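Both of the next two complexes hold subunit A, though its partner changes from subunit B to subunit C.
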Partner chain A sequence: MRYLRIFLIHFHRVIENRSRSVVWTLLSIFNPLVYLCFWFAVYKSSGKVVGDLSLSELASYYLLLTFAGSLLMAHIDESVAEEDIYEGGLVKYIVRPFSYFWDLYFGELGWRIFQGGLSIIVFVIFSYFLHSLSHFVSSPILILLTLLSIILAYTLSFIFRMILGFTAFWVTEFRGVQNVAETIILVFAGFVVPLQFLPVFMQKISYILPFAYMIYYPILAIQGKLDFSQMVKVLSTQAVWIVLLSLLYQYMWRKGLKLFTGVGQ
Partner chain B sequence: MPVISIDHLSKYYQVHKKEPGFVGSLKSLVARKYEVVKAVDDISFTIDEGEIIGFIGPNGAGKTTTLKCLSGLLYPTKGRVSVLGHTPFNRKAVFLKQISLVMGQKNQLWWDLPAMDTFLLNKEIYEIPKARFEEVVEDLATRLAVKDILHVPVRKLSLGQRMKMELIAALIHSPKVLFLDEPTIGLDVVMQQTIREFLKEYNEAYKATIILTSHYMGDVEALCKRVIVINFGKILYDGLLSDLVKEHAPYKVIKVVLSKKIDQEKLDSFGETRSLNYPEWEVRIKQKDANETAAKLLKELPVEDITIEDPQIEDVIAGFFVANKKN
Partner chain C sequence: MNFSVLTAHRAAFANHLISGIIWGIFYFVVMLLLTNNVKSIFDWSKEEILLLAAILAIMIGIFNALFQANFDSFPNLVNKGKLDSYLLKPIDSQLILTMWNIKFFSLTRSLIGVIFIWYLTVYYHITFSWLGFAYAIPFMILGLGLYYSIWSIITTLTVWFDRATNIIELLHSLQGIMRMPPVVFREVNVVLYMAVLPLTIIAATPVGLVLKKSSASNLIILTVTSIIFMVACRKFWLFALRSYTSASS
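What follows is the complex of A and B.
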């Protein structure tokens, strides 16, 4: 109950800042919609199917990408690195008897839920006009597993972003690290094209890395493209990544705190 | 039984040193040079329950580093730190629930929401029962006269009002030990006075131990009987503020209002002129000679008004640092 109350207080803040959420949601849907325009042109010139996907399926993918990007992709690394580590904002969290991780987890969750909710509206409107509303998971058990996969995807993305932010304990130019990470995520999470469109060797890399399990597989799950055994495999891989990244998180937190001097104080 | 005890505490930082210019940058790429900075170097002291201690020192003296070691922010390089029987750096919840750290240059309030929302978050974080929370907010808000602005967004409050809210947020869980780092920085004199009075009242009402660092000697003078003077990471003085002033201010200042102009040469014969802005004249006299000189002044000069004052505490401390630097 304590965690729920803390989440609700954070969520209240998100609602108070709703205009910020609207701006971020509009920004996050912009890229997928541009990609979609590109694919419309490709389909128009080359026929009805590209890479096993019909135009309607591809439209569904990119529209779900707007939703998944808003709901599942945490944006916490920059504030962890710059506000908390470089400017010393971490001080206020360290002297409080509450975990830094969970405080930020619930704070960010509020933003994701609100922005994810807003992007559903965009998703429904565009899907209606593009006739791509039919591609959804329908079996009750798969719906449950999909919901679980969404929670794990957010958690995975959150831990990864925290770790990315923690690099600021060691590097003085966080933006460089962030740019490299963003580029990798863009490609390997499926933000540019569905991963089956990538060359085979890149597909193999994407299956090894955690990014596909943050965005790409949850989208396939929502589209109902994963059967039970594939869902179990995705969920297991997500769980393994969460455990591995949690261990790395703990290690970096312990080591980083010893380096932290509370600069800017 | 002391609430705080520090035993041979040292905190060293490794700082990367680079020669200036392009060649220096290239050298630094190949072989980085590091220098060890001793922010705090082998200091020891104890503080009893309910004391208000002033930590005095110039910038970079080691005050804030000591405060950070005491509140668990920094891991000491050497030595032992105990606060309320806990090792601060372990940051156990039971310890953190009994302390609070206020940094005048940093805030914990949510900028975009009323301060009450931050108080509510702290209520959950510190697991304060509802009745106790309401009682403490009522008490602190009344003492600081901010009851009517508890629901105004923080961004719309003045600097002084925000500091008051920061204090409430920091005290909502009634900490036994309060660390204050420059709590009145940037505030006007009236607000500084209000905050000082509040801290004094809070100390008496809640029996809290308070450790304060401030560049405003007014804060220290108003609140702290005992001071710890620190510079270059070492403790230079630990004792009563009044004793420090007595020992290191061996002079008094005589302020005179003259009824007619007198040659400066003649005035200088009485002591060291600090300022002469006719008809006002300020002269510094050795403490033991103060009464005798004042009598002589009254006899030999056309004096309209005369006062004998102790020196400004800032001057005493500055003199103390200069003397210790020379040593």
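What follows is the complex of A and C.
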């Protein structure tokens, strides 16, 4: 109940700053739509199937990417690093009688739900014009597993972003770390091209890293491209990553707090 | 003055320099990944698309060095009511707000663009005329003028939508459109093509000149569009100033 209230308080803030949300949503749909135009032109020009995906499947992938990018990819690292650690805003969270992690988790969830909702509108409009609504998961059990995968994907991306933000305890300039992480995420989560379009060695790396489990596999799950056993494998991998990153989070939180000074650093 | 800032904050400079290199390399990695399974798109070969990306990187590096930091800080100046101090200075407000800070580290992007052109000539055996490149320079400047005008018009919108301080992030995404040949959008939808036309001609027209693809009409379209946008951005700025009401804007 306490966290529901926290969520609602944050959600008020999200509504208050809706123009920012509109811009963020536009941002998350912009690049996928440009890539989609690129592939449209490639298919029209060559008349061939690229990388065993039909144009309709590719369109469905990029449109779902706009939705997944808005709903699942947390953007908490910058405020954790700059507002809470560098400017000392963390002080107000430490003295509160509830967890810093869950406060931010539910606060960020409000932004994700609002922006995810906006991107659904965009998704439906473009899907209608591109006739790519046919690729969806339909079995009830797989729908449930897909929903679970979406929740785990958000949690995974949230914990990763928190850890990224915590690097500010040790480095004086967080932006460099953030830029490196951002470029890796964009390539290996499937934001640029579907992972099967990557060179083989990059595909292998992407299956080891956690980023594909934040975006790429949830999209495949929504498209209904994963059967039961594959879904279980994806969910297990997501769970393992969440446990591993949670342990790292706890370690960095404990060590980082010892370095933190209330006036900011 | 800007050079003094650079030498005084060396750690920040090094950090920005590394970030610039990372994003510069990433930009080409994206283009290589996109064109990995592609031989051509209509009359643009894979190598020509990569050359477009390389020359665009040179142009963007120059733009970012001269203007980007100024545009980045503009929405926050409006949002926090700090624009007043600039408006009171005895110099043109638009000029001072868009050219005050010069970020030399952004030129790394241009340098990476030059290295990538060398890579294309060595490994992809792309050939082009250096004379054509020289002819293209005035059109690159026109393209930068057009790009500046688009940034200026959109950031000026924050005078009314002062909470949309993240609008700058959206402007960065425009580069995604500029690195594609115009034919990509023309073949998808004519309305879409017309909507993104000003962005697609910024780099594609000068690169087309280098590759002997741009016709006289392409050059005229870029020239006329640039002039229209530059005049429009100036008029829009003056109009916006009348609506600016300091901290309560």
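Going forward, the second predicted complex is superposed on the first by the 262 of 265 C-alpha atoms of A that agree within 3 Å, B and C clash if a C-alpha of one lies under 4 Å from a C-alpha of the other, contacts with A are read in each partner's own complex, and residues count from 1 in each chain.
We take it that a contact is a pair of C-beta atoms (placed from the backbone, for glycine too) under 8 Å apart; a residue touches a chain by one contact, two chains touch by 3 or more.
All values derive from a computational prediction rather than experimental measurement.
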Open item on the list: After the alignment on subunit A, I want to confirm one thing: do subunit B and subunit C clash, or do they fit together?
Closed with: fit
Open item on the list: Tell me which partner touches more residues of subunit A in the superposed arrangement, subunit B or subunit C.
Closed with: C
TODO: Check whether A:232 is in contact with subunit B, with subunit C, with both or with neither, and answer first, second, both or neither.
DONE: neither
TODO: Quick one: classify A:243 as touching subunit B (first), subunit C (second), both or neither.
DONE: neither
Task: subunit B versus subunit C as contact partner of A:197, first or second or both or neither - done: second
TODO: Based on the superposed arrangement, let me know which partner A:187 touches: subunit B (first), subunit C (second), both, or neither?
DONE: second
Open item on the list: In the overlaid three-chain picture, which partner chain does A:151 touch, first (subunit B) or second (subunit C), both, or neither?
Closed with: neither
TODO: Considering only the touch criterion stated at the top, classify A:124 as touching first (subunit B), second (subunit C), both, or neither.
DONE: neither
Open item on the list: Quick check on the superposed pair: does A:17 touch subunit B, subunit C, both, or neither? Answer first, second, both or neither.
Closed with: both
Open item on the list: Which partner chains sit in contact with A:46 here, subunit B, subunit C, both or neither? Use first/second/both/neither.
Closed with: second
Open item on the list: According to the stated criteria, A:91 is in contact with first (subunit B), second (subunit C), both, or neither; which is it?
Closed with: first
Open item on the list: Can you work out, in whole Å, how close the C-alpha atoms of subunit B and subunit C get once everything is superposed?
Closed with: 9
TODO: Show which residues of subunit A both subunit B and subunit C reach, each in its own complex.
DONE: 17
Task: Residues of subunit A touching subunit C in the complex - done: 17, 19-20, 22-24, 26-27, 30-31, 34-35, 37-38, 40-42, 44-46, 50-51, 172-173, 175-176, 179-180, 183, 186-187, 192-193, 197-199
Task: List of subunit B residues in touch with subunit A within their complex - done: 13, 64, 68, 71-75, 91, 93-94, 96-97, 99-101, 103, 105-106, 108, 110, 112-113, 117, 120-122, 124-127, 181
Open item on the list: Applying the document's contact rule, which stretches of subunit A touch subunit B when the two form their complex?
Closed with: 2, 5-6, 9-10, 12-13, 16-17, 88-89, 91-92, 94-98, 103, 257-258, 260-262, 264-265
Task: Touch list for subunit C against partner subunit A, complex - done: 11-12, 15-16, 18-19, 22-23, 26, 29-30, 33-34, 36-42, 161, 163-167, 169-170, 173, 176-177, 180, 183-185, 187-188, 192
